[in-house]
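Please see the structure below; I have some questions.
Letters A, B, C, D, E and F mark the chains as written, and numbering starts fresh at 1 in each.
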């Protein structure tokens, strides 16, 4: 995984949100590098409301960082 | 889902809160794109205090971001 | 629920804390609009230390936002 | 509970930490006003590492707020 | 426990991290003052990945506060 | 573990993310110094979606700190 995060700046809030989702996924990859093991976990996700919400929390935390990095995209207004 | 988040700016704190709820829901959609699977999870939500509170935590985190983006709506005073 | 959050500014830290509790409750209402369903969950709360603490965490997150919005009530000193 | 939080300012970081512990406890009181019910939960705490750590997380979140409110007590140096 | 937290300022990021670990432990002590009870919980920790990660989360939250208090040790560069 | 954290500054966001992963791991080491005990926990990780996500949350919190320390790598643009 080389050069997967060149910048935190994005053109729009929506792109910032998508980057937050990406950052959340990378942590899972780095913690559990085995792709097959990750694949086995996926069905568990889909049936576990708490796991799903916890994943949303990670996204929310990354989005806070990215929004600050972009000064909340205030210049777009 | 194109252009669902054009800005973090809202006219009032309440609209900011509603946007936070929306951001929390989008993460669930992006993690679990299958609408039927999400529908199956919903009953579990309604009977699980911890899942419900965890969802509130995601909203709280997004609201913090949106409130900062709006400089806490101080200009309205 | 119209106009339930006109401002994040409060006169005192204590009123700010009470607003944080209110914000935490609104998220539960918005996620689980059925009042009876919420009422059924309440007994579970009262016997589950972890649910109770998780709810406190949501309050703490909202209080952080509100405290920043009020510049930590420094002017009162 | 009147006037239990007149200010977020404290003389020292340690007093700020103690205030954070107090803020964490108040949320539990407000969520579960029945003192006897809280007393019944206490033994559960004492045997549940996760509940204990979750309570520490609430304290950490409040301490972050209070530390910012005191500009991290930099003037004391 | 008198005067255990005279300052949030540390000479290096590493000392800041160690202080964060200390702050996390103090919360457990204040919540569960009985040393023997804490000792009984320790084995549970060592076999519970989630408790261990939750404890890391508390450290991360305190480290964020301490890093801000030290202006991220930028002056050292 | 001497001098494992000389600075929070990194050249790129990606290096900042890798440092966040490192900080998250150190907390586990400090809490559970016994390497064998950590090794026993690892298989549990690999089969527990919630533990994996919780670990991602710790990374996200550290990344927020590191990103702020680097002023979000804005100078690179």
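Keep this in mind: a residue touches a chain if its C-beta (ideal position, glycine included) is under 8 Å from a C-beta of that chain, and two chains touch if they have at least 3 such contacts.
Note that this is a predicted model, so its numbers are computed, not measured.
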{"item": "Common touching chains of chain E and chain A", "value": "F"}
{"item": "Same or different contact residues where chain C meets its copy chain B, judged by the half mark", "value": "different"}
{"item": "Centroid-based (C-alpha) most distant chain relative to chain A", "value": "D"}
{"item": "Geometric centre distance via CA averages, chain F-chain C, whole Å", "value": "30"}
{"item": "Separation of mean Cα positions, chain F and chain B [Å, integer]", "value": "26"}
{"item": "Centre-to-centre distance between chain D and chain C (centres being mean Cα positions), rounded to whole Å", "value": "15"}
{"item": "For chain B, residues contacting two or more additional chains", "value": "45, 50, 54-55, 57, 61, 64, 68"}
{"item": "Chain contact topology (line, ring, star, complete or other)", "value": "ring"}
{"item": "Round-the-ring chain order [start: chain E; next: chain F]", "value": "E, F, A, B, C, D"}
{"item": "Contact footprint of chain B on chain A as seen in their complex", "value": "12-14, 17, 21, 45-47, 49-50, 52-57, 59-61, 63-64, 67-68, 72-74, 76-77"}
{"item": "Residue numbers on chain A that touch chain F, as the complex places them", "value": "3-9, 23-24, 26-28, 30-32, 34, 37, 40-41, 44-45, 48, 50-51, 54-55, 57-58, 61-62, 64-65, 68-69"}
